[in-house]
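The structures come next, written out as structure tokens.
In the two complexes below, chain A is the common chain; its partner is chain B in one and chain C in the other.
Right, the complex of A and B next:
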């Protein structure tokens, strides 16, 4: 890339014709604005009063700007690292796969779409209701697979009935039970659709050597008699019935498909309690766009977009790693992990640094995703500098002095990269 | 940033030669079986990853074909087992909505000139930087490279003021100029590096034939620059097409481009995915088509533009 000697001894006006249009545009819309922003950042909202560095002080004292700064810091540390890490893993894993191209296309595809479209896509993914949002649908499915479904979240004791709801969510029959005396435990308020698969409730057997009973949904269309098992009334299966004496569980049983349960004779004289875990509200997944998770959730969507970028660059670098070096290490007995850790990563280190820095500069300016994804209730929690600048200068804030200060701060943060680029270019030119 | 940084550095000499004595690699049956199992596991992981990466977009695509009641009551995956839910009603509504169809036109009116202008102005300047002799050439080029990483945010307030004075605030022209200015450093950088690789003899021969600066540019340099211009054009086109921030501030709010029009829908209703999903998908169609048609050029532009 030697700049070399120019071939053409050009006439000055010809040079001007080639250069001026571009330089004028750059001067007016890039260089001049930098100078103006620096100047403007020293003045107040109206633009008339000189305030020195007050606007910059405000960056570090104003709560919402400090929050934006903190979020930007999280973004800059987390997003490039995760995206580059995933890119590296993808690039290495696909190295010897025949359909690598197809895989890379899929991962890289989000790069082609706008951040607005990505934002809409992820709003759909992060929808709170597990019946509609993919993220929570997956989360609740996994959760329920491991912890078991709570069977009757809506069931309640009848007000003024024999059973009372306890603070911990369990239901207690205050009157002690005795063996041979069938116990009726009626519940209400289970919505009809949930009862569709349930069997008809059966009367307890009344076995004299045990405590027997039935838990059922004490309601028939058109009324029915309270506290008696009317025909057609449905059983509530799978509820844990505990016999409690002096605060200790002495026996427990689970209701069968017909709602009946049988406790051993030890339960005689104890109180019956229906355990709370049958009645707890179902797990509804995470509140992705709530105040705590909103930034990680948006970073997730960013990683979805940009991991492919890291992957493609790293894969190109990987192709330049000499096969013989890797083979030699393998022959020496190194396993794949050691080859990766000791040879591949060190050889790629300069490239990984370039990818990281690129993503950092990109993340510094992150705007669209943060503007689009969070609902207005948590936009403040997701705030970043670029968004704050926009709101401050063109939205509700109305203080272009502070807006300019944010702009200058962003510029200061990319200066090291600018100098790095220039130094490298000069070195290349001198060669 | 440039392709030169992407080639991994020369490998340090390792003990390859010395280890030659150890003979060819011998692998036991067990270790080969383990390797086979491992590569099977890798395949499974990759398939899962590919599915995970595709699902969000699939969700948008499927949702765009469901009516608002279905969207509000159940997940898009239920449509896969209930084909009766499929409908093109959302697209019908959107395409007969003048605001939206106008916004498509506005997007084209912004993107095409902004791409063309960057290519033309960038190529002219890059040619001067690569082959013409003028005082302070290297310094001017350094300045351009320095501007590569300047965030657009720095220019929002000053340019808004400037455009106001010039009377082009909230006009398509203003958006085009803004995008062109911020596309230029990268365009000049990319094309200048490409032009500099053109063999000197070609230019010297043409010069002996009496060609001037302009003729050298149009007859020798430009015909050879196809790949670089394609990469740049695709990159810039995607960049402008997908932009929301610049359009949000500088575009005519009465007839905004697609991204802004869609964003405004978002503000008004909250979660009206029956409008947002097909709208978002329509904004994606052109970039995706270009992406699949010109993957190689897109990746090339991406790589050389890494630092942008």
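Right, the complex of A and C next:
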């Protein structure tokens, strides 16, 4: 230390010469942009009019910026925690298995993908249509494994026809039926592909001792006549027809291949109801990119990328944990969970803090994923500060004054985290 | 020479009509033959000799759109000896030109897609007024309406070289035939047609709610037809607030279809996640049993159909004009690109004027129209120039509207209101699509956004 000071005192210009390149670079690439952003944030959109702190006032009054701020808070709390937690779990578990390196490689692999590419991948993963989006494909497969699918999910009565859709999804023919009087129950809106295997509908037999009728798709090429069974029109088989009197089911029957059904004479004077289970719309999965789920969905994709990073760092730290301590605990009769909870985690705590803080800084400036994944209709709901900064500065009708103000705010938010990191680093060096 | 010219012309037609996504190689071959064929029509414009001059042209166009435009530039090079290069400008033309001027090397000619941007450029003094040569062409080929939207304070600054007819509904012929419906004459018939399509098992409408601008086009067509051009202009100027009853009527009409989950592919929430190209492809990919019966948007839907599906325009994919709403005339909402000469020092060069004049000429429009995917606002252009019946019909509707067409409303409002994701009209109408029963709420949102955008 003392010798260093002596050098400075003896040959200050030499020191300056050595420092100059670094100082110039730092000044031009770091200090100047920061200073200019602060300066720019005090001016209006054109950059000519001084507005004082107006841009900052706008930060806290503008709805979309407030929303972005709120989302940033969610991000900073959830994303680093989950990524570090998963990283810890992976690191501890892979320590024991045989193919640890291969496993780690796979978990780490997403890190090799750019944020933009990851964004595009996850946009596809979260696609609403289960035929295209992986997330919904999984959800619907699981869902359908537990509840069977219905036979005619799209069939519906005509909006102004005699049959009305009930709240529970069943269809009710209000007019009571009578024995010997054939009942026509027309439904529409069944897509052609679903009708492919269906037989042609037959007219009800009209048996005087029973209630007979037909359920069919009342539409064929060219339209056909409404409420009439035209020659080409297809039958809707397998639908349960219930006769309901005073809210009680008195009889039921299932439509045959030709769409006809026969109810016993008890059904006379009852109302007919088509049971809902044939018409339940298929489960379509979650609306991942809708307003409510979009932020958690994007955080999920972030975790997919960064859990590997956390895992690798933690695994390195884990290698440095003294084996003897672990062995001693095990000899003393601690089970694995206790060893993990009482020994491994406390020993790793400083490292976990570093990983968390690094991820926090990373998350504060998250931009790419939020820019790429949401469709524009929910971009507002997914908004974060960095994205708002970009849109505000370079989007249509941009205002770089407000953009700079957001940049300054982001800087202020990062500062305490940086400060924490630097202090920790210094403490470590002193040790 | 003449005879062979005719043969080669036919070949050009076939080559370009069959494959719109032509490779650069075939393209250059085409334009070489084109020169011979071009001599068949008498030139409608005298161009000066510009040997040794070079020009840089910028536009947002990419892919086939860009290739078609290059054919026009090739012809200009052949006639004048000037060399012309094309530089894509990216989506934000205003920012592109701004930075280029600051950097000291602006492009010579820029295509601006919004009238507001043209006004802004003129105000900044970035662009020069057109000269006599250009004005001559404009007077011969353009209606006053098309001239006026490229002028500021009575000074003509640009030439609308490319138009888009935004009042079209594209439909799947298979779906219509199966449902036994024909082209609807007015809005009520349109709603009925939608319901009949639904009954037949085809979801009638594919709406690209993920892209806010398609929703603004829905609204604009209904509003223009229902309330007439004067009200339309007043709404653009924000003379009347968005809480006006006329807006209520338009949104109520729109809710007749948007308010019915069953009429939209994927329901409202599905529509909100559908972007524009998907809305087209899902209608025309499956030709046997299409996922949707109709998709509304401008003539450039045709380009998406040719590029991304096997559907043949005019056979599988047909088009009808947006129906008249509430007893008004059928609306013609248009958009387009205006060519302007960038000259920060105030004076356009002879070469710039010559290119502008050429772009305003019928000769250029003809070459441009041949491959398809292009509609010209040039009224002198013979409809035979268009490669197929569909394209001809689209152009005819646009020209027939004379000066009754209206330029896209959202393009004429401040960009904060009419052209930004997550706010203004885009967000307002997306909110409306999410909850079409809340007409009043949508109007209040739009008005508060408009007040911010216009007030500032």
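One rule holds in what follows: the second predicted complex is superposed on the first by the 279 of 431 C-alpha atoms of A that agree within 3 Å, B and C clash if a C-alpha of one lies under 4 Å from a C-alpha of the other, contacts with A are read in each partner's own complex, and residues count from 1 in each chain.
Just so it is clear, contacts are C-beta pairs under 8 Å (C-beta built on N, C-alpha and C of every residue); 3 or more make two chains touch, one makes a residue touch a chain.
What you see is a predicted model, and the numbers here were worked out from it, not measured in a lab.
In the superposed model, A:34 lies in contact with chain B only, and not with chain C. In the superposed model, A:360 makes contact with neither chain B nor chain C. Of the two partners, chain B and chain C, it is B that touches more residues of chain A. When the two complexes are overlaid on their common chain A, residue A:287 makes contact with chain C while staying clear of chain B. After overlaying the two complexes on the shared chain, residue contacts for A:394 are found with chain B and with chain C alike.
Contacts of A:375 after superposition: both chain B and chain C are touched. After overlaying the two complexes on the shared chain, residue contacts for A:347 are found with chain B alone; chain C is out of touch.
Judged by the touch definition given at the top, the superposed model places A:239 against neither chain B nor chain C.
Looking at the shared chain after the overlay, A:131 reaches chain B, while chain C stays out of its contact range. The residues of chain A shared by its contacts with chain B and with chain C are 375, 394.
Across the complex, chain C meets chain A through its residues 92, 95, 177-181, 195-196, 198-202, 209-212, 262, 266, 269-270, 272-275, 288-289, 414-416, 419-423, 426-427, 430, 434, 453. Of all residues in chain B, only 1-2, 4-9, 11, 14-16, 19, 22, 25, 38-39, 42-43, 45-46, 49-50, 53-57, 59-60, 63, 71-77, 121-122, 124-125, 127-128, 131-134, 137-138, 140-142, 144-162, 177-178, 180-182, 184-185, 188, 193, 196-197, 200, 203-204, 207, 212-214, 216-217, 238, 241-245, 248-249, 259, 262-263, 266, 270-271, 273, 276-277, 279-281, 283-284, 287-288, 290-292, 295, 298-299, 302-303, 306-307 touch chain A in the complex they form.
By the touch criterion given at the top, residues 64, 128-129, 154, 156, 158-159, 188-195, 217-219, 221-223, 287, 289-290, 375-380, 383, 391, 394-398 of chain A touch chain C in their complex. Residues of chain A that touch chain B in their complex: 1-12, 14-15, 17-19, 21-23, 25-26, 28-34, 36-37, 40, 90, 93-94, 96-97, 102-103, 105-117, 120-125, 127, 131-134, 137, 304, 309, 312-313, 316-318, 320-322, 324-325, 327-332, 336, 347-348, 350-351, 354-355, 357-358, 361, 364-365, 367-368, 371-372, 375, 386, 389-390, 393-394, 400, 403-404, 406-408, 410-411, 414, 417-418, 421-422, 424-426, 428-429.
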